[in-house]
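Order of writing sets the chain letters: A, B, C, D and E. Residues in each chain are counted from 1.
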């Protein structure tokens, strides 16, 4: 029976051949690297290099955003790019669209049904928690809706509750120890679909927002501010933690903020609905204020 | 290096009393960026300001820090001072050494150390100040006056007389407000309608005044010079263009309901005018009680109306008025006597409020001016007036004095002499407050001519005995308990803010105090302004006051409105948001949080890689922007900034902590 | 540079909204209400002007506690400003608590232009809470922060 | 440079400030001890607390008591320099980079083609040549600016330099105004008009990148070979020691191997400047 | 056969602990989920023959360091240097590639006529013990002329001899280390395994130099997200930024921190950026590493440790780029 990968290659080939899109962004297998990497296919006959299986961990949404900001993709006449997305990547694409960094007609979303990626017996936390085996937004969908999906556990949420249980001093030293490893390479920022500013305040030359020192407490300030800037917009795709060369558990922070926002303002998940409003730029007169 | 001038004020002894100003100046001189520092006794005085001007010129300072009282007091003054010597007025920061330092700390060393730190913060901020400029906006030369009492009437007339169009909005059927319910007014005892009615007629007839009665303000937005007031004109069910005001319909209307105007002592019909001399003197139908609207029967008024003016099909209409300034004159309510269970207010029919008593003695009142007991209609032989009911009472009532009760109780005592000359009058009081012009003499006449017996002491309890009412009280002057049997008790209930005053203030965006009276911008310097430019206050909605003060305040508010309308254009706020178009990503989080809709978008063209590329960025309408800075906080990349409170300025202050 | 608790004076920062809280503070002044001098006030047009970057930089620069004060919800001079503050502040406070900053160090309060007494009470209680909590250990660990010599560094002076 | 810590600036006092145009200011600072340099070299000026910026030295080394820098207000540091006052201390680090090929230029005719603020590095060499006039041949100075108000060193260009022996100064502006009686037109066209002979002549040109591109074509058209045309590169530099990697183009570090390059050398570099 | 010293592997920690009074012990040990170089209290914590996630460069060229502080006072400006305090350190466990990297860094910071006092202050008093490494994922050191057993750069090098270590000293500091601990002199052959390689050849370097304007750089530019992961884990990336940090109104400090050509603002100067997008930036990194090299010692700036290949979130592989350069233009390989 035809696998999703075959359908994907066929779809990509026809899209390129018919000129509906000028590029299909998907995964390709790198033998030497033993990893699936993002690959921009522009010629129809190269469509056969596209793969789809559980090795396709990288989220392609940030590459769509950054690719559009390169000089090579500057065009006056409208161009359309297809992107292959699993559930969490689709939320990343919705994030980029909702932050108005791309027009809806610039993107053709090819959704694939995903049962989880990475190492089968040690799935990443986001897959064990995943409720979007079918991408929430797509133009084309490959693969059928899974009949029964195992009930998603929530390892990350439990970890967050566990950390919340510690007393303040333990939490402070836990994070200080993690943040002392941070090199400020900004991989977490560059792979984040919600971090789509043209110039980040941490790169600003004009305004002295913070200092560019990598002491433990200035790294804490960087991560606290970044977590706040994406608060309510983070789609929990887990890319920041995957990209961090120093293995800092960033998803624990994002999960904490996401669960707080869901609890405080009872808003739906980020990046699911194309008409969603980021919760921190809206208000309800009836919002509770526990802190006063 | 930027050249900062620091001017530390003694404010007489207000600051110098607790803060060692010389030490503050010495510390300021040690800051590298400070080119000149001095202290003077009164910086805000002409001498003080001259010293600043001279120092700016001789030491060619490019920015100034004044360490004195709160910026809310003299920021505008000092901006003019430095502008007069060529500096941009916004190259100024104020360190609040008085209200937030010398007045609130007693330890001299700690206060001085804090003062030095506050000056450091101000200097750190001023280093990042940038010249700001105002732009201009056209002024809509129409005023909206909300509330048709004496305050609203006076303000409307003054503005109209100055040649500007006014829309006067009144919630009830007729203008006149509380004053129309009064019989006589103190201290001259001239009849209330005699001085009020001509004004009401003037308003009704004035070509420049559009009168909108039976209407309520729903929403106000915009800003000074460009307000948009949404008003809901409730359906009157009477076509006032046809109605001649003959009164036939009111005559024939079968439905009787308690009349708000009569304070519960009288009744009115379903189709009614508030009182005979109402303006407009054309009735409205109270749809909550009119039989036609309740169960579809009746319709007598339509039958009897020769002018065929009755129109049941009328619906509420929403009107939007563009106005350059607004005067709020929404008046007051009276304290609910029922809160004093021990007085039996609202339970014993013969315990009435001062307003109800006013209706009794009023010729157009339910008893045509005769003082009669609501219970059995007899003329009361002895009447007891009790003052400070609700006022000056932390526990059950309000802590403040309502200013008018002493005078209107004295007046009512004198009127008892006219209407029921052989009735005996007792007045229970704590203090007598008669501070106005001719007030004290009026109070003495109440004692001598009216023969009122003033008993100093609070009444403890009132209870009925047979047809009489028994008062237990204590005469604190002679220290004796006394029991008094009277026929009628009049409670001088205090003035409280209108019910719904808070919602209205939130609608207008103006602030209100702990007792829900609207807050003036500054009690002494700007008593009729509110914190929203272009919205002014008149009358008791700002706090208890008598008619002379109300009228004075109304005229003051009118002059403020006219001063706005005297200019062709208005200077806009200089401290507005600005966009750095190089780093704006066009995510428009700013637009989502902007309260005044000041943020729009525009397309930027750029020549990139040999092609004309476009991208969308935010723009700010500096006329509409009020400088709240909410957008600057919502903008992740810091592209959005606010003049006067820019990211750099605030970060500079934090840096100098 | 962690001073021992004995001779340490809490350093607090207050971001006060110009229309309500700053006016409330002024009212406390005109009413001569006394409160400890540990609070440094930074005036902002609206409490919604305060960004988390300001709060964190203040903690980094040696503040032991940060207050954000604004009008009561509904009273905001800009009608909706403090609604956003309310949402943002709750998120940043829980986030900082999660990252190891003691929740009592960062507080918000609605203080209207008429509540001079409440401002006095908020400041006094805040100083006591922080005095009990001790200095904030947020200062840089290995960075050699250069601070002017103690005598010029206008510390708060010892309040007996 | 400080002998054991090349990052430590030495402190020089600002002696004089003169505004050449609305956004270009001439700064005269004391010469730090042991600071010797050759024309074309740069120095790193520091406003402590704001940052450091690479500025070419515009005074000739033959001027013993002071150094001059012409600073255009373009960024954070240059803005802070513009706010500095006479008598203030400013950090100076350097000299940095190579210098004009003074040995090669001895005995030759010299052609200086400058645009806008580009005249600053050339002025160092021009005044050096005037102080040692006999060692050099005929000197032509061709200078262009956007408008008469943007002309730097107006007095020297119109009064002192033309008086120098065997020296010709040609001035043009892109857009003249009523008070301007001189030549109007772009520098490359003006250069071809003047057509100085490439015979035994070395050309040096500095200015905005577009002007340099066309001046190069004109010079080649006039017969100048690429290894006889020099320029200085305007790059972002931080350490000035060839360590921080910022100014690396191809095999060269502009702050150590440059900023003066011949066009022959520039030809070999990838075009990333 | 050369004269070497031998010690049992189990006795190595004891030997190292002897030197703890004189030296501060540094080496690879776990830090959170990653393996990093750092100080250890006891030699038993050290893990040998393991590839750390980032390099040892931050021992000598830390991610942030204050260069000098300054104060404005009445007399004007006052500067004082903040040179690192000099303490003797014993760094154990560097594989050959990290040793070579140290030589590269010595050249960059020490050479070129202006020695960097901060780097040399930390480098002078550090004794380096190299250890033969177990080649693993993504290594390509052989392409740069050395293998897992190449001792150059170490004061003392340990070869793997089954259950023993064979050691040879290359400096007196190294020799002095052998005076303590139960070392025995032996005659043995120095192992000389050749390392993984075959990606970067002289030919690929030449082709890369020619192909500066090859459109395939744009394909790479699309995939490079512009983060600094590759540069900050790389043992030879030495770019840094200098910034000023005021303290209040009276003074401040000038500090430097790591920087990378991948960042957008690296070459942005007052409105003009010669490398406007990621194409120019990823090209600069590859060219500077493999082609331009270090002008002070004209050797490649890459030591083939493969850390950047492991760290890149976008899966960009410098080895594949080098190999790709020698392939003809028409045949495009996956991923490039």
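In the analysis below, a contact is a pair of C-beta atoms (placed from the backbone, for glycine too) under 8 Å apart; a residue touches a chain by one contact, two chains touch by 3 or more.
In this text the structure is predicted, and so the values were computed from the model without any measurement.
Common neighbours of subunit A and subunit D (chains touching each): B, E. Summarising the inter-chain layout, the chain whose CA centre lies farthest from the centre of subunit C is D. Taking D-E and A-B together, the pair of chains sharing more C-beta contacts is D-E. The central chain of the assembly on a C-alpha centroid basis is C. When you average the Cα atoms of each chain and compare centres, the chain farthest from subunit B turns out to be E. Distance from the subunit A centre to the subunit E centre is 31 Å, each centre being the mean of its Cα atoms. In whole angstrom, the spacing between the mean C-alpha positions of subunit C and subunit E is 45.
Measuring from the averaged C-alpha position of subunit B to that of subunit E gives a distance of 72 Å. Under the contact definition stated at the top, the residues of subunit D that touch 2 or more other chains are 75.
Residue positions of subunit C touching 2 or more other chains, listed in rising order: 53, 57, 74, 80, 84, 88, 143, 152.
Shown for subunit A are the residues that touch two or more other chains, namely 71-72, 199, 201, 205, 208-209, 213, 215, 280-281. Residues of subunit B that touch subunit A in their complex: 582-589, 592-593, 608-609, 611-613, 616, 634, 636-639, 647-648, 651, 655.
Of all the residues in subunit D, the ones that touch subunit E in their complex are 1, 4-9, 11, 46, 48-52, 74-75, 78, 89, 91, 209, 234-236, 238-239, 241-246, 248-253, 256-257, 270, 272-273. By the touch criterion stated above, subunit C contacts subunit A in their complex at residues 52-53, 56-57, 60, 73-74, 80, 83-84, 86-103, 107-110, 137-143.
Remark: subunit C residues 11, 13, 18-20, 22-23, 25-26, 28-30, 32-37, 40-46, 48-51, 53-54, 57-58, 61-63, 71, 74-81, 84, 88, 112-115, 120, 152, 154-160 touch subunit B in the complex. Every residue of subunit A that touches subunit C in the complex is listed here, in rising order: 160, 163-164, 168-169, 171-176, 201, 209-210, 213, 215-218, 220-221, 223-225, 227-228, 231-232, 253, 256-257, 260-261, 264-265, 279-281, 283-285, 287, 289-292.
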